[in-house]
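In the part that follows, the structures are each spelled out as structure tokens.
Shared between the two complexes below is chain A, which pairs with chain B and chain C, respectively.
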Partner chain A sequence: MATASRAGPRSVLETKRMGARAGLGVSLRVFLQTVAARAYPRLVAQQRERSWMFFDVFLPMIGVSAYVFVYRAIGAPEAYVGFVVIGGAMTAFWMNVLWAMSSQLYWEKEQGNLALYIMSPASLMGILLGMALGGMTATTLRAVAIMLLGGLIFHVPFAVVSVPALLGTFVLAMAALYGMGMMTASLFLLFGREAWHLSNLAQEPVYLLSGFYFPVKTLNFWVALAASMIPLTLGLDALRQLVFPAGAAFGFLSVTIELGILAGLAVVFLIGSHFLLQHMERVAIREGRITESRR
Partner chain B sequence: MTDDIAIQTEALGRIYKIRGGKKKEPKQLVALEDVNLQIQRGELFGLLGPNGAGKTTVIKILTTLLAPSSGRASVVGLDVVRDAHQVRPRINMVSGGEASGYGLLTVRENLWMFSQFYGIPSKDANRRIEELLAQVGLSDRINTKSSDLSTGLRQKMNIVRGFMTDPEVLFLDEPTLGLDVGAARDVRRLTRDWLEASDRRAVLLTTHTMVEADELCDRVAIINRGKVLACDSPSSLKHRLQSEAIFRLEVSPLNGVPMTPFESIPGVRRFAHSPGDGFSTLEVVLEDESILSPIVSQLALQDIKLRSLQKCEPTLEDVFVQLVGRSMAEVEHGDGK
Partner chain C sequence: MSSESGMTSARTWLGVQPRARGGTFLNQLRSFAVAAWLGWQIESNWADVFLFAVYSVTKPIAGAAILVIMYSVITRGDFDSPLFAYIYLGNAFYTYVGSVMGGISWTIIDDRERYKMLKYVYVSPIRPPVYLIGRGVARFLAGTMSVLVTIVAGVLFLHLPLVLGDVNWPMFLAALGVGVAMLAMLGLLLAGVVMLTAHHMFLIGEAVAGALFLFSGAVFPLDVLPAWLRPIGFAMPLTYWLELLRRSLVQGVAQAYPTLSRFSDAQLFGILIALTALFTVVALVVFRWCDHQARERGLIDRVSNY
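== the complex of A and B ==
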């Protein structure tokens, strides 16, 4: 007792701080373990069922080819061919966010996994990040394959202006994109099949607004600015400026400004998703939607 | 609250709002009403009731998956709403017929994945997985894809998932649903062994199988329409009926003979009949044995032949019937009164 009294309030405070630090360490460890564990089924599935390679690599090439033929038929600038190829490659990431992460929570709920995730000490952000990273292998392969095949078949002249800027743009675009994906995923905690329609709704309009197959600059300035809320819009625009010699001429904003906005979007979406997921989880628990879709 | 209490609920209630059409007001379904329970560490506690009684709702609230509409609940002294994040590492749940995990993963991989959500180091997790699979006799299936497992084997894997994180409180929601007799017996034995390995653990089991509740549980709460009707050890609950005499009579087919003359005999608490193949079975609960005589006389008057007569020891089914007025099967099928 005497020792404790001598130690005084500083020791108590130190103990609390140490406890908090230990708690933070444990939380971080569980978070990382969760990410790895949830990524694992995706990685294993890609190994055990390889038919996806055909569907994910060759089929998207058909869509890309169609746009290339249209542009060549109407005599559009040759730079557009490269834009289509890079747009086709980046489509893979949007599809991964939309179907393999956001709406995946719907299937997890139907399967009974969602209740087990919520009931465990794991965070939903860790689960979603695991899903995203697990799906990244296939997605990246799809994107790279489209770039290589598209480049070879249609003779696209890639000329990278700056590799660090290119990597930075890609990382920022992905961070913002997956942050936005986590925000939309939170809707699936609350809704059932209704949210499914939201995903469908997001697919084609995003293809249009993000300028997947054409430079977004051709849209009205204000429409393009509004579309910049979707991280792929600016990500794609910046990548095109950094990869193609004629890219800058078709760019919507300068790469520096686009990177600044992307960084802002990444921060807002990632922090927003953290709070939105927590909020939606609370609402879903209050309304009994974690295990039941219709109530 | 003492440290020995694993679960406590106070006036717990839950109302579901069921959405109607666009212009309709949402309907309200009272799933739980004023549920008060106290479960000690070291206890295997059963919630017994028909489908739709509110058993799963209790479990969902206690596992932090559903918020109560009224009252409060705590697990290991922590409020399930306010302290949900502290409750979660200390609990686990296994439901009957659940299809959790991923079919493409093997048994080991599925179990490892869930262990990681609890922060268990991979080495420890793999050791525990091997030990527990050996206990449930599933070692030879460790590298089998879970989609290739039968229902019974899959449920054993789920049970291992529940035990693997070494929870302080394990929730088993109809864990033997759909299992054959042997597999159900294995699951019960494993549950009992796991509980007895540490006095810090507790199990809350929901079931609508009387034998399971009777055989496995230290105490049972009988629940119907969201209300707890009785709570005691199975033997004490049955002892309440000891003063009554219960008989099972096998008689010639009743063929529409009215039951009113039997039910109106003074001292008849319950008179139920069920048809058999070429005979009918009467289950009769009487105030005392002396009332059997007028029953037999009435059978003779109605020209019903008595083929056999058996005095029964009360079961939890009889307790349920006494409390609810109908058998559990009748409640589930909406028959009877």
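== the complex of A and C ==
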């Protein structure tokens, strides 16, 4: 058994190296095919069970409505209603990163797909990028639906300051966020059944620290700065500044600075995910974690 | 599963053959205790005691902190207002909804899809409702820990006006007991529905818990809701349960808002007990029907891989 486990990693890694020796053109083609192949089910799945779309919009809307009514009960200015609506829409992305990116490799392991991924010439980076692109596209539709619905129901006055800046903020925030998701996904390679609990744990605390339902500026400066490691903190703050007339007054940092930090985070997370994934893959293979199932 | 065996199973479940199904009270109690122990192991043994305790209280504390920050930003920290006690206590006790109601219905998903043990539970001589409610005990205990920590934090750091000597303990304990029983019945009802669903099983519990959060006035007085939505809140036992808990713990909260102030404590109790009885009957009938359908259609061991 010990011999087999020592031989296993070598043969798998050798297979990967053979793929790498096949030439840059072939590698790039395989990588892009992997991305497309993994993004495809994410997009198609939306059409397979259309009632999920309803639940995906309906469930966050319940939370948004509750927080809006809390603000109305305590007599908050109407600007806060808009902050809650946009925060509620962005929860869709956090949920997607948490459950369908970070912990995805754990689910794949549970279902027996992970070993097939590792054995195939496809890179895990390509698989995660495909998941990110597919998930991001599908989640964007839900987030837009939540924003439109919330805007209509609660009469939110959207006033976009600059469309290019808005799109740029969104793209940078998503790049950084999904980069972080890809990086944390590698950590989940090593987790057993605690993965579910850890994902579950990372919901409310992140809603709190990232200011999903209130301006993050409200928190202590250093707490807000530390929370800026989560890309949604600055992404959400910048979006609020660009979408609401009163947004700038509630901003944590200027939009330009926030965009700069988000760009830096995107680069760090994407590069970090590449190296961490390689390292964790080796560790997981060596320790026999790829096929284990601890329930 | 053939129709004949399905009928036999249904008869057994209904108690026609109590001995074969382990129907004596002592046996049921034993099943309940074992299910509770199993639930506790599943919930807690993935981590050491300290990590599990941190995990159990972090989520509810973070949820409460969101509301506290929202409240303090707008009111500039006016924690002496009855509205703060209303919001804080409502949110704290709402933890039980997720833990008891959600915990019981989640057992079906866990046992059928994840551990693939539900079929074995069904062929063993225990009654499914007893087993399911027993499994909910672990989450009830974890929920109780969260509620306690949240309230203690409120008293220590946020001037929550809760004085132990002023608490109406009999009313509090009676309301808590009735409420937890009511949530267990709602959990059983959901468990029945989850048994018949595959693609929406994860969403049903969340949708119901979310709707209850919104319509029961857990974190805001029902008067804030549009007038046409308020009747939904008045039809829910949770509304009266949370009001009774608030009244028993903090004086003056009930009088601060007109929504339920016209009801005396006894009237609220009467409504809560009547609605709990109604939901109990509905839950038992629905679960029984769903259980029968699941046996007849061979859904007990279905695995969807979602």
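Assume the second predicted complex is superposed on the first by the 269 of 295 C-alpha atoms of A that agree within 3 Å, B and C clash if a C-alpha of one lies under 4 Å from a C-alpha of the other, contacts with A are read in each partner's own complex, and residues count from 1 in each chain.
By our rule, a residue touches a chain if its C-beta (ideal position, glycine included) is under 8 Å from a C-beta of that chain, and two chains touch if they have at least 3 such contacts.
What you see is a predicted model; the values in this text were computed from it and never measured.
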item	value
Fit-or-clash call for chain B and chain C when the two complexes are aligned on chain A	fit
First, second, both or neither for A:Arg38, with chain B first and chain C second	first
Touched partner set for A:Tyr178, first chain B, second chain C, both or neither	neither
First, second, both or neither for A:Phe154, with chain B first and chain C second	neither
Touching partner for A:Ile285 - first (chain B), second (chain C), both, neither	first
Which of chain B and chain C A:Pro205 touches, first, second, both or neither	second
Touched partner set for A:Phe69, first chain B, second chain C, both or neither	second
A:Ala115 touches, of chain B and chain C: first, second, both or neither?	first
Which superposed partner A:Phe252 touches (first chain B, second chain C, both, neither)	neither
Partner chain in contact with A:Phe244 - chain B first, chain C second, else both or neither	neither
Where chain B and chain C come nearest after superposition, their Cα distance in Å	8
Shared chain A surface residues [contacts with chain B and with chain C]	49, 111, 295
Sites on chain A touched by chain B in the complex	26, 29-30, 33-34, 36-38, 40-41, 44-45, 48-49, 111-113, 115-122, 285-288, 290-291, 294-295
Of all residues in chain B, those that touch chain A in their complex	14, 16-19, 60, 63-67, 85, 88-89, 91-93, 95, 98-102, 104-105, 109, 112-119
Touch list for chain C against partner chain A, complex	46-47, 55, 58-60, 62-63, 65-67, 69-71, 73-75, 83, 87, 114-115, 199-200, 203, 206-207, 210-211, 213-214, 218-221, 224-225, 305
Chain A to chain C touching residues, read off their complex	49, 51-52, 55, 58-59, 62-63, 65-67, 69-76, 80, 111, 192-194, 197, 200-201, 203-205, 207-208, 212-215, 218-219, 295
